[in-house]
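Structure record follows, encoded as structure tokens.
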Amino acid sequence: MRVVVQEAPFDFGAEAEAFASARTDMGAVVTFTGVVRDLAGDRLDAMEIEHYPGMTQKALEAIADEAIRRWSLGDALVIHRFGRLTPGERIMMVATAAPHRKDAFEAAEFLMDYLKSRAPFWKKEHGTDSAGWVAAKDEDEAALDRW
Amino acid sequence: MRVVVQEAPFDFGAEAEAFASARTDMGAVVTFTGVVRDLAGDRLDAMEIEHYPGMTQKALEAIADEAIRRWSLGDALVIHRFGRLTPGERIMMVATAAPHRKDAFEAAEFLMDYLKSRAPFWKKEHGTDSAGWVAAKDEDEAALDRW
Amino acid sequence: MDVLYFAWVRERIGLPRERVETDAATVSDLVTELSAREDRYAAAFADLSALRVAVDQELTDFDAPLAGAREVAFFPPMTGG
Amino acid sequence: MDVLYFAWVRERIGLPRERVETDAATVSDLVTELSAREDRYAAAFADLSALRVAVDQELTDFDAPLAGAREVAFFPPMTGG
């Protein structure tokens, strides 16, 4: 298991390749990466991600441990950035490796659902004229009921 | 949309990176890759994948079209190999890009469920002493009922 | 028409494809004709529930009509992915 | 103990962290104490349903006891991923 919280960009392709290469006894590898959407005509200049330095790493490790335990994963990876990101930049990624596809998919969705609502990150959108904190969505909280 | 059927290996990391880079207006990218499991003590020498050349490309394109339509995907990618693969080699990958994670995950799972049971590929395991065709699993057929 | 065989159907019948002259109206009729030829065909088609069929490269079922068909393929359930 | 604020709670109160001397038995008691200090605290804590709390870097609820706690953090619902 690897959990990384960093300000710098990460190399999605290289991380995905390294993750998939490490455990060839696993038949199924799922990755997810989240992007600051770069929408035509959008007035978003930057996405600022604040986090709780003392707590973030521990919270992410606890979520990844839980995923590994519940789905008997061969491995799991979580990378999450903080700081100021511009449209088109990747915010985070997760990866899961399991013997079969169902477990790899479910564990990746579990990781994402918990990252969304239980990891101490907060997003602020900086537009041309204004800035505002992204509100948590009821549907993201509701997604946790599945697990 | 890109659908590739080939005998040669593909570069999973580079494909994942290129796919995720192409549509920065999409917030969520999911990839799946399937590996010939390299199990300690296993007697598997090779996995032979037979396909139906005239039909394979069309069948995969129809499945990818359906995924794009049902989940309003920004993009989808399917790469599937045929021929003789050794343990540890990657058999195939899919990737999906959508505005939000739920659609990207569902569409990737849909692609995988249909690839498993509706794309004209057949796997034969070549062991040290024997060889045999991989039987379709009832659970793979049942997985289609979800969609 | 061209008749194609894949995976263990190909191995059991002993060839990957052949040209068949037939007036069979449906896939089932074609299966009956082929099964009557030789034991290896009868063995391959013994249990239709273990087989799938495509007509002109589209999955279909054994009731499908063959009028105008150019290519029929028989194979076991697919195991891609 | 150290009290930390994040996101709009930090902005509303106007500082990221402060040292607080308190005998508050629970998080709720601490919120009542802080709210009584100044309007900016009262404004930040006006709607507890819009807030989350961590004690010693573990998510908990407003009934949680503070005995032995070294660090309490207040923030809005998280929006990671």
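We just call them A, B, C and D in the order they show up, numbering each chain from 1.
FYI, a contact is a pair of C-beta atoms (placed from the backbone, for glycine too) under 8 Å apart; a residue touches a chain by one contact, two chains touch by 3 or more.
Only a predicted model underlies this, so the values are computations on that prediction, with no experimental measurement involved.
Enquirer: Farthest chain from subunit B, going by the mean of C-alpha atoms per chain?
Expert: D
Enquirer: At what distance in angstrom does the C-alpha mean of subunit C lie from that of subunit B?
Expert: 26
Enquirer: CA centre of subunit C versus CA centre of subunit D: separation in Å?
Expert: Chain centroid spacing, subunit C to subunit D, equals 72 Å.
Enquirer: Could you tell me the distance, in whole angstrom, between the mean C-alpha positions of subunit B and subunit D?
Expert: Comparing mean C-alpha positions, subunit D is 48 Å from subunit B.
Enquirer: Which parts of subunit D, given as residue numbers and ranges, touch two or more other chains?
Expert: As it turns out, subunit D has residues touching two or more other chains at 81.
Enquirer: Two or more other chains touching the same residue: where does that happen in subunit B?
Expert: 34, 101, 112
Enquirer: What chain-chain pairs meet the touch criterion?
Expert: All touching pairs, sorted by chain label, are A-B, A-D, B-C.
Enquirer: For a test of understanding, state which residues of subunit B touch subunit A in their complex under the given definition.
Expert: Per the touch definition, subunit B meets subunit A at residues 11-14, 16-18, 20, 24-40, 87-88, 90, 99, 101-102, 104-105, 108-109, 112, 143.
Enquirer: In the complex, go through subunit A and note every residue touching subunit D.
Expert: Against subunit D, the touching part of subunit A is residues 34, 50, 52, 54-55, 58-59, 80, 91-92, 112, 115-124, 133-136, 141.
Enquirer: Show which residues of subunit C lie in contact with subunit B when the two form their complex.
Expert: Touch list, subunit C to subunit B: 4, 6-8, 10, 54, 57-59, 71, 73, 75-81.
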